[in-house]
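Chains here go by letter, A, B, C, D and E, matching the order in which they are written, and residues are numbered from 1 within each.
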Amino acid sequence: MSTYEILFWFLTVMALSCALGVILSRNPVNSVLFLIATFFAISGHYVLMNAQFLAIVNIIVYAGAIMVLFLFVIMLMNLNADTEPQKNRLVQFAGVISGGALFLVVLAALRTSSVNVLEQSPTDIGLIKNLGKTLFTQFVLPFEISSVLFLSAMIGAVVIGKKEEAVSEIKN
Amino acid sequence: MTNLVWLVPLFPLIGFLINGIGWRKMPKGAGGVIGSLAILASFAVSLGIFFEVKSSGTSTVVHLFDFIQSGKLYIPFAFQVDALSSLFLLIINGIGFLIHVYSTSYMHDDEGMVKYFAYLNLFVFSMLLLVLGANYLIMFIGWEGVGLCSYLLIGFWFKNRDYTNAAKKAFVMNRIGDLGFLVGMLLILFNYGTLSYNEFFGQLNGGTVQLSPNMYNWIAICLFIGAMGKSAQIPLYTWLPDAMAGPTPVSALIHAATMVTAGIYMIARSNALYSLAPMALNLVAVIGLATAILAASIAIRQYDIKKVLAYSTVSQLGFMFLALGVGAYTTAVFHVMTHAFFKALMFLGSGSVIHAMGGEQDIRSMGGLGKKMKITSITFLIGCLAIAGIPGFSGFFSKDEILAATYAHSPIMYYLALGAALMTAFYMFRLYFLTFTGSFRGTHDQEHHLHESPAAMTIPLIVLAIMSVIGGYVGLPAVISEHHTFNTYLASVVTNFGHHHLEHSTEWMLMGLSTGLVIIMIIVAYNATKKPNFKPNTGLAKVLENKWYVDELYDTIIVRPLLALSSAFDRFVEKMGIDGVVNGVGKTVRWGSDRVRLLQTGQVGFYIFIMVIGMTLLFTISFFWVQ
Amino acid sequence: MILTLLILVPIVAGILSFLAKDGAKAVALISSIATLGLAAYISAASYSQPMAWSMPWIPRLGAQLSLYSDGMAAMLCLLTGIVMPVIFISNWNKEVENPGGFYGLMLLAQAGITGVFLAHDALLFYFFWELALIPVYFLCSIWGGEKRIPVTFKFFVYTFVGSLLMLSAIIFLALQNPGANAYGWDNIVSAGMSLDPVTQQWLFWLIFIAFAIKMPIFPFHTWQPDTYEQSPTSVTIILSALMVKMGLFSVIRWLLPVVPEGVAFWSNTIIILSIIGIIYASCIAIVQTDMKRLIAYSSIAHMGLMSAAAFSQTTTGMHGLMVQMFNHGINITGMWLIVSMIEQRWGTRDMTKLGGMAISAPKMAIAFVIISFANIGLPLTNGFVGEFMLFNGLFQSPSPYHITYMVLAGLGVILGAVYTLNMVQKTTYGNTVDMTIQKDLSVNEYVGLAVIIGIILMLGVYPKPLLDMTAAAAGVMMP
Amino acid sequence: MPIQYYLFLSLALFCIGIMGTLMRRNAIIVFMCIELMLNAVNLLMVAFSKMYNDASAQIFVFFIMVVAAAEVAVGLAVIVMMYRKVHSVDINILNRLKH
Amino acid sequence: MKAIIASTVFGVILMFTGLMVKEKKSVGTVAILLLALLLGVNIWELSAAGNQPQTYFNNMLRIDRYGLWFNTLMTGCTLLYAMLVNKDIQRVGAHVAEYFALICFILCGIYLLSGYNSMLMLFLGIEILSIPQYILAGSDKRNLKSSEASLKYLLMGSFSTGILLMGITMLYGATGTFNIIGFTFLQDNLLSPLALAGIIFLMIALGFKVSAAPMHMWTPDVYDGAPTPFTAFMATVVKAGIFVAFMKLFSVGFGALSSHWMLVLAIVTAATLLVGNITAVFQQSVKRMLAYSSIAQAGFMLFAILAVNATAWQGMIVYAVAYSVATIGLFAVLLKLKDYTYDGFNGLAKKQPLLAGVTAIFIFSLAGIPLTGGFMAKYMVLQAALEQGQLMWLVIFALLMAAISAYYYFRVIIAMYFKQGNPELNSEVTVSDKLLLMITSIIVFILGIAPQVVIAGI
């Protein structure tokens, strides 16, 4: 059992358990922390697959920026375990069942899919140089277009975020 | 002359149009005059035609225009002039004219007089179509036309709901018969592709198309059903007595002399067919005989003067059908003629009586009218003698011929028929004695008003009386003269079926027997009515008075169930059943909408849940159901 | 070209009368008389050989604007041409609210109906089929009785379902042999005939239900009495005199030739349904007290006889059917006119509250009696000839039970006499009931009825023109 | 490693995310679960890019992150707006719109 | 390509106008001018384009004549929409310029969707389409329903994004490319489960965006809660754009594999028709009814995707235009009324004959009555489905559903024409409004009588 495999299984178990932690922990803050942990595990997988740069970005962008944003909001609303609304057991059960059912069905569907193996041979496609080249040659249009996305997101933040007059239930 | 035949129905039509269009503007008198003149004119033409046909003995078809033409189906609007039709022309126009004249005075006080004459002319027109038509369809046109006119005339005094009910009853019952007629026609058309008499009869005797005798029977029976309706035979006879609701001259013309004999005419016309259909013939005979007896028995216990006459008409029609049934077609036609004379006479007489009594029709409040109204009573007596079959009067000859023919066919039938004849004699003289002899039983002012009718009414009576005496001598029985004028005249059209020639001795014997018994019956009637007492009837008499409860029977077994069924259809099948289903679909949709709508709980979690379930199902289908 | 005029004139006039608020009446009358003239010309012209006109419409989909008028179509156009002016004339002195809308919609309906009779392209036919429906729907729901909204809505949805099913069948057929003229009548027919029997059998129902609802045939008829009862009488005339004929016409033009196998397979079923309908409707008619409902049911009975003959597959039946379409149109128009007059004068249609018309309004009474007898097919009225030929056709049908069919259908004649005479007796005879307005026929009503009765008697005595006109068409339909 | 393992792993994460969205009522947590789903996709994407030895897949992952960031920005803004109004992030109280 | 650039640039310009120009009216005018300009750009590009599809930026985009024509039509609809509801947009909230900017960005997204060739562009296009919608839905901040709609849409939308990405990833796993042309190399007979799973995931994600059952549940709430002017836009142009993307993917990319997904999509279609029509019947608010009816109409548009043939493409474009125009018109009328329930329409024919008249025409079009575009559209997609062959049952089912749809559409007509009432308007109907509405209804008629004007442009 190579280190590679050990690492793989370790990261897998960690990812799954932390993910479960996200959805099971009552306290939102814990959920956030679990999620960050999950991201770390996933980044580990990236490293295993020679996507080093992605791993870093994942840590920085997701764990660093986005999750902090979440954390920030949660703090702002100071949500905690006892303010946390809980669905009744039946609904949660139904959720688990349906999600599990989907999982099993897709699993059963894909059990016979192609079985080629990822060899550990190191590739350099994950390096910044290559990624940058690809990004700015082949994927330059999406790169530019995504600015539109950000623009609209920005507008959204403005339009939605700016405080206006108080709530008043007008029809329609 | 023959090709001028279209004039014959034309005159009444013109009369109808004039009276019909100007019926509110014209003076009453004018209407009567126009009406009568129209009939007179066409009578003149028909006389001409009659003698021409009599001399030549030919039968000609006058083609007017194409009526229906569609593919193989071709029905021209054509008239057939031969011995039979020209004879009927005479009867219809002759008696028609007399009755028109009679009506001018009888209907004089009625505000609808012009309209009345319009209807009357229309009737004559349709009747002429009926007898003149060269194919069954034209006959059918007239057939329904006379039905319409009788409807209109029975319901002439339309304010009275009973009268209009009677009219409706008459029309509907005729329609039932007409359906039979229609089916018969279609059968002929189906098998022979034609409706014209000449082609059809030509096919019948020695044509290319040969059918099973069964088919002949069916056609004949279908046509006979039509005749049942029109000529008031069992089971469709009940409309005729009710038809007495119409004005009396109408009863005389339509419901005694002409229209009701249309059935006999039709069967006589299609004798070639019936001679091939023995089963149908027997049916005709049986029905006729039964009707004769039944109607006669009812007539014994009637008190309404017109009802008595009506039932006697039904019974006489029964005799005619009996004659047809035993194959003596000419005899039937002969009886049609004589019956037309004396029955019209008696109706008109009764009309004169009613006139004098100021509308009273119940013979229980009459009596002794003979003193006040000589002419009426004498002519009426002649009529009674004729119908009772006293030798020397027209009725004797025709009826005796029928009885003879029946005897030749089967003695049992003969005795039954004889019984009916005796009953006829009884109720007729009962009527006569109660009305014209004895002492007056009505109120005083009625008695005060009693008077003989004006000339316009009496002259037709007298003419008809003369006819009812001498009318029979055209057909002397074989024992008296071998030469039977009437049969020889009709021979070109009508050929009797089976043999009716008895030994002279038997024939004498039959004559004697019937005559003797009739005289006895008259005496019995006289005794029965010498001291009239009208206590409520009991037992059989009551049954007879209530016409064997046939109307009630029909009401319970046909009318009520039909109405019940109809309202059941309307209420349950229609509203609740079919419409219920249709509306039910709409309701279901709304209901479903109301339920499905509730899925939209507003909970995001639930929405996603549904979505996930959906995904799972779609995956299952696409992976594990399709493959 | 002149065929298009027959459709365009009403449309233009309709739009005009929308604009011309009170002049609408005049516009309607003029245009309808104009269309009558056109129709007469067309009937005369297509007497000898059919007229046709066509121009490309949507070549990509294989639809084109093509009109075609053989004897049958021309006859029905003539019927439309006669009925519309009669309606307008006899309503001349009646005031409706918002006349512009009323007459405009009437004319649009006329355009649609004429279009249905003339269309020779399946898609165009469907267009007109709906186009005729919409204005009538509006007319009923705006100017109708108090229960009008649900009733006419049911009518609309009901017919809409039918026509949608028909649409699917039409598309299916058009796709069988696509091309620039895929929807042309000839293509549709050839496509349908080339299909295998089973397909034809279910196609038959897809198409037939639309027509069955319009006619209506027995189980699909329940919309009809309510709608007739609720809608204003002029519209009822359009419904029963013209739209009902759309159903029959379409059966002859778009069903019988298209799926012969299906027809052969189902014709007995349809005939039985029709005959049930005859007896059933007649029975119900007997117990009705509302004149409109009674006449509605009697119309169902007549339709039953006609459709039975239509499926009897005999030339005589087909010919009689065509004649009877015209005659029934005329008679029922007269009936409704009288009913509306009665309603106008006595303020009710309930026969138990009526009576004595023969005294209070004799002219009307005479007209009523004549039309009633025409309605029960008395000889020498137009009703008789058609009925006789229908019975004949039914009798000659290849089915082994043809005699039974005919006799059962014949019961309708007797029952018909019963309820019609009931109606006559209750309204015309008996003691007089006071009218709200004491007057007999006014001049315009007189003219309207005179036309109707004139036609009734003329065709009753001398039906030859009508027969000759439709003979060719009948022959074509029944090879 | 067989590619299946990554496939199943990411599927598992994905479905855990789905379960989370179904089980939790806190809008923020739900949102986080959705992020988890996106990451599961990312993981699989990278695995495939390794399999095909193709950089474009990794670029794709960038864009997924980009979009995720944008969505988060808007999403949190909306959530905050909601919170301002109803002082709760419970998605079950969002039921003024129904039926 | 030009149009894409133009739309983004105009969006930015609009944002700056928001800064410069203060009063809303002139902002609206500017927006209309820019949209007109955008339309011009589209037409220019269309006229310049040849018949051969042209690829940009190594196969990121593959713009063909169909897409350009579609863009032009949709831009036209947007222009019409902007002119019709301009005032109402100004009434929604403070940031008019931003709203219009977002609308421009949405158009940009539509252009991407009509011309994408790489799944990445599909993904970005859909996101560019969606994120502004989340914002527009929540733009009426005084109204809690608006915010609720926004949040619901956001949550479910990003959920569906996850599914979309999973689908894309699996397809990538199966084929090793993001290029839809690349998918055409998948063999029909030995299709790897991975690819099929990807297809199903994509179907579900796109189905969500076009609100196909069972992924439709967001639609009524969002359309009901969002400010009415924006509902009008989301329900029409946006939906049409996604439909074209859907169609492009499934008939260009997976057309050869139709035997694998046909049945599933057919079931989805049937469910969509059923749910949409049945649920709409009971609604009391016309706005919400229109939301459900948009689901039902989507069911019909799915026919075009089911039937992979030329008629389907044409039918889709006709349907998109006919449906958009009629719905926009109807919303424009709705915006004039205070009361959005059916009763709010009572007696409109008496008070505002023209308004009622055009409404009736739009309703006819939606219900698919002949002579209106709606009929032609339905008719063409159904014909396409029948050409495809095995879908007769679905067609008949759809037609029965159409009959049901008549039921709830005609309730509006009944209210307007046959019922008495006095509907109050919240803004007077100006001459320009009337003119625009009449033009709109004339367009509806033209589509109904001569659909080739739309087909010809392809």
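FYI, contacts are C-beta pairs under 8 Å (C-beta built on N, C-alpha and C of every residue); 3 or more make two chains touch, one makes a residue touch a chain.
The structure presented is a predicted model; accordingly, all values stated were derived computationally and were not measured.
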Other chains in touch with both chain A and chain D: B, E
Graph separation of chain A and chain E (steps between touching chains): 1
Most distant chain from chain E, judged by the mean position of its C-alpha atoms: B
Relative to chain A, chain with the most remote C-alpha centre: B
Chain centroid nearest the full-protein CA centroid: C
Between the pairs D-E and C-E, the one where more C-beta pairs touch: D-E
Rounded Å distance between chain B and chain D, as computed from the means of their C-alpha atoms: 97
Chain A-chain C separation of Cα centroids, rounded to whole Å: 70
Inter-chain centre distance, chain B versus chain C - centres from mean C-alpha coordinates, in Å: 37
Whole-Å gap between the CA centroids of chain A and chain B: 102
Multi-partner residues of chain A (each touching 2 or more other chains): 87, 91, 94-95, 98-99, 102, 106, 109-110, 113-114, 138-139, 142, 146, 149, 152-153, 156, 160, 167
Junction residues of chain B - those touching two or more other chains: 586, 597, 600, 602, 604-605, 608-609, 612-613, 615, 619, 623
Shared-contact residues (touching 2 or more other chains) in chain E: 120, 124, 127, 131, 134-135, 138, 141, 144-145, 150-152, 155, 159, 193, 196-197, 220-221, 407
Chain pairs in mutual contact under the definition given at the outset: A-B, A-D, A-E, B-C, B-D, B-E, C-E, D-E
Contacting residues of chain A [partner chain B, same complex]: 87, 91, 94-95, 98-99, 101-102, 105-106, 108-109
Chain D - residues contacting chain E, complex: 3, 7, 14, 17, 21, 27, 30-31, 34, 37-38, 40-41, 44-45, 48, 51-52, 54, 56-57, 59-60, 63-64, 67, 70-71, 74-75, 78-79, 81-82, 85-86, 91, 94, 96-98
In the complex, chain E residues that touch chain C: 314, 364, 369-371, 379-380, 382-383, 386-387, 392, 395-396, 399-400, 402-403, 406-407, 410, 414, 417-419, 450-452, 455
Chain B residues within the chain C interface of the complex: 24, 65-71, 73, 137, 140-141, 144-145, 148, 151, 155, 158-159, 161, 164-165, 168, 171-172, 175-176, 178-179, 182-183, 186, 189-190, 562-563, 565-567, 569-570, 573-574, 578-579, 582-583, 586
In the complex with chain A, residue positions of chain B that touch it: 605, 609, 612-613, 615-616, 619-620, 623-624
